[in-house]
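Working notes, structure below.
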């Protein structure tokens, strides 16, 4: 597994973070750079246990498969109708009959299984997927997830998100902590239409790792990005964070 | 297709009919011999149309596949999880992995498909089976079917009968017209627990062919066995029979 | 007569799809598993006021979703742009990119096309229910969301479930790799997706295939969609008129 | 670590089936598709107060149903005669012949075993629902019969449907032809039947197989039960102790 220091130079100060900064209507100061998308994916990948069935959503979650710790073998599940798969196919070598849920071409590996959409979602809804990582527009303090409908557009793609939200045994959200205008995406109550109620278990962002406590117990900050403390994270968050007595810097190994 | 005359000698005067006679508490006279099981099966087989999907129950219905008219190709469906199959396997050549719903060994043919029980009954319940032939304990004048539970035993095997009763587009009952004690099996109302309500479309027995008219329209006698007339059939029947103006002797070709 | 469900050509295959039909269109959204030539034939046939049902409402044309570089995608837009579609039932109706709307989104914004969004798993399960004779089922998916509004819900084991009804179609246009003449089908890889549940859910299912073989040409253990669900099969030429090769 | 769901032997495979468990037993009722050695191991393990769920409650022993001539059938009777079973859920619980009762019928008449009879299609669908996260569904099967007594019913499209709930199990003992070490399974012929829906419906599914191969040893297009549903696999020896060869 790659260490945080190894990726800092490329990811934390990467192009995208700078791009975001240009468009922010800044009214809160970032005390330190934010983590890059790959680092968020690395931190999420630490949650996967050997032998688990994992479904990775589009966006940051897709990157997680590059950072699975050594000694951990996962069974990847995709809504496109497959169990187990290799990494993305090399450019120009895509097979239209082997795609993930984002329409990207995959490479085969030994031990795959193909099935249809009814079966793919029977697996999800039936609780056979151990963990899913999803992007989000908003997450509430009770673990409500909003990730499919932007009211401004007036039409949205639900895809398999609602099924994953209720079906996966564990839902991890991987996202930027704030919108482009610094609007908090972690909120006391979602203003966007929900994908699922009380379904999120862990939130990994570009500045923090936050647990959603069961039965409406609220949010608990357990890890912070380098240079960020509980107060600065709270000031970028739209819901009250309890702070773990074991609060620590994000660790990737 | 074999003609009625060809099978008369073996079937109509067959062992079984004589055996039945020995145990009857006779209070009605049979004006003529009853048709054998093979002849009932032949008459049922005349109902099958080219290209239809057919499910044959245990007993007389199983025999129907021997008498399908030339030029008629059927797709056989079995609850044991297959579509299309050959005839029963030769004695001693059975394969435990190729059985029908009665546990008999089948022979393979080109064009088969195997599937599991959930799919086998999705096909039945979903209306994809054109016609089923089933045995019966009782059929009522509204087409209610009772064929799974003998109150005297106190426990019964429902198997796939209730699914076939509601799911097949057309249900044909193939049975002896009377019980061993000459009790009518066609009745105004079933006294045995039902398999399905109003599901039977046609009744083929050892003395008659009777249509069940739609929407509670009652029973109509359309064919009689040689030597039987409407009156003698009615006297052996526990429900009122309307007589078709086209009443004819049972034809097998 | 030996059963043979082959029809001669694509025009014949779709000739009886009448105005107002509910038509399912197979595949996931990319090039694989989509009945390209049946869609083009339905466009040429011209029936109108159609409800089309699928995972997407055609997202490949603007985004290239699941299509190889350098090939012009064919998707649901061929029917939508031809003014044949008045309602869409889909889980992923619009392009992932706001700035590249698909034909459906344009029609939707113009008020010409009605939309029913259904979660992907619920969509597949409603089709399966239709094919399996199940009238309705309770699913946890969408409980407490706007996609459950107006629907009955009920608690089982302390959890909320939404009642969803079977989704039937008049026609399903699906895509498979190989058929035998009895209509037994096999698919290739992730191109299976919605094709099998659609095959069972429609009154008439028409399969566009790469090849048709005699009975016995498909391993009976390997059949993905048994022929009981298939009414017509039609084979696509490897190279289309004008030399176009479809993926 | 490479995932490998193989367990060493049958005793280990069933060691944690505790008293009071709900145990599904695969197959249709004949020799094919039945987990003979898992049943024998569960007998030797001795857990009691079991609910067993299957198409039959063991009809082969008295009738030879689906067994070749001259071979002594092994079926559910090995558990019933050992006094381990207090409830049966089945569609075909008793022998077809009144004069040859099976072990279940004897226990049932003695008041020792409770029975729930479920139509075969409803039984399979209740298992599938459990595996697929569907809490309950409306089926037309059994409407207006004594098997619908005490159940909710409801009209859809002018037809009566019965509400049936998902049927879960603690363990499923199933039988397949070949497994890879990830738990992907293929079956042979009509020995598929209840094995796939049971595999999905149980918390722990144990597959008795004729051979175990490495990943890649099974065509991914041909997998009948994907490994996601399988927790343990155990291989049966071609010849048992004492030289007995099972079909």
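Chains here go by letter, A, B, C and D, matching the order in which they are written, and residues are numbered from 1 within each.
The rule is simple: a contact is a pair of C-beta atoms (placed from the backbone, for glycine too) under 8 Å apart; a residue touches a chain by one contact, two chains touch by 3 or more.
Here the structure is a predicted model, which is why all the values come from computation and not from measurement.
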Pair joined by the larger number of C-beta contacts - B-C, A-C: A-C
Chain A-chain B separation of Cα centroids, rounded to whole Å: 60
Interchain centroid distance [CA atoms averaged], chain B/chain C, Å: 39
Separation of mean Cα positions, chain D and chain C [Å, integer]: 35
Whole-Å gap separating chain A and chain C, where each centre is the average of the chain's CA atoms: 30
Per-residue multi-chain contacts in chain D, two or more chains: 125, 128, 132-134, 139-140, 187-189, 221, 224
Chain B residues counted as touching two or more neighbouring chains: 82, 114-115, 121-122, 124-125, 166-167
Chain contact topology (line, ring, star, complete or other): other
All touching chain pairs, where touch follows the definition stated at the start: A-C, A-D, B-C, B-D, C-D
Chain D residues within the chain C interface of the complex: 125, 129, 132-140, 156-157, 159, 161, 165, 186-189, 219, 221-222, 224
Complex interface listing, chain D residues touching chain A: 1-3, 128, 130-134, 180-182, 184, 200, 214-217, 220-221, 223, 226-229
Of all residues in chain C, those that touch chain A in their complex: 28-33, 55, 60, 63-69, 91-94, 96, 98, 105, 108-109, 115, 117-125, 127-128, 139-147, 187-197, 224, 247
Partner chain D, residues of chain A touching it in the complex: 50-51, 53, 71, 73, 75, 77, 82-84, 108-115, 119, 121-129, 166-167
Touch list for chain A against partner chain C, complex: 58, 78-82, 92, 94-99, 103, 114-118, 120-122, 124-125, 149, 153-163, 166-167, 193-197
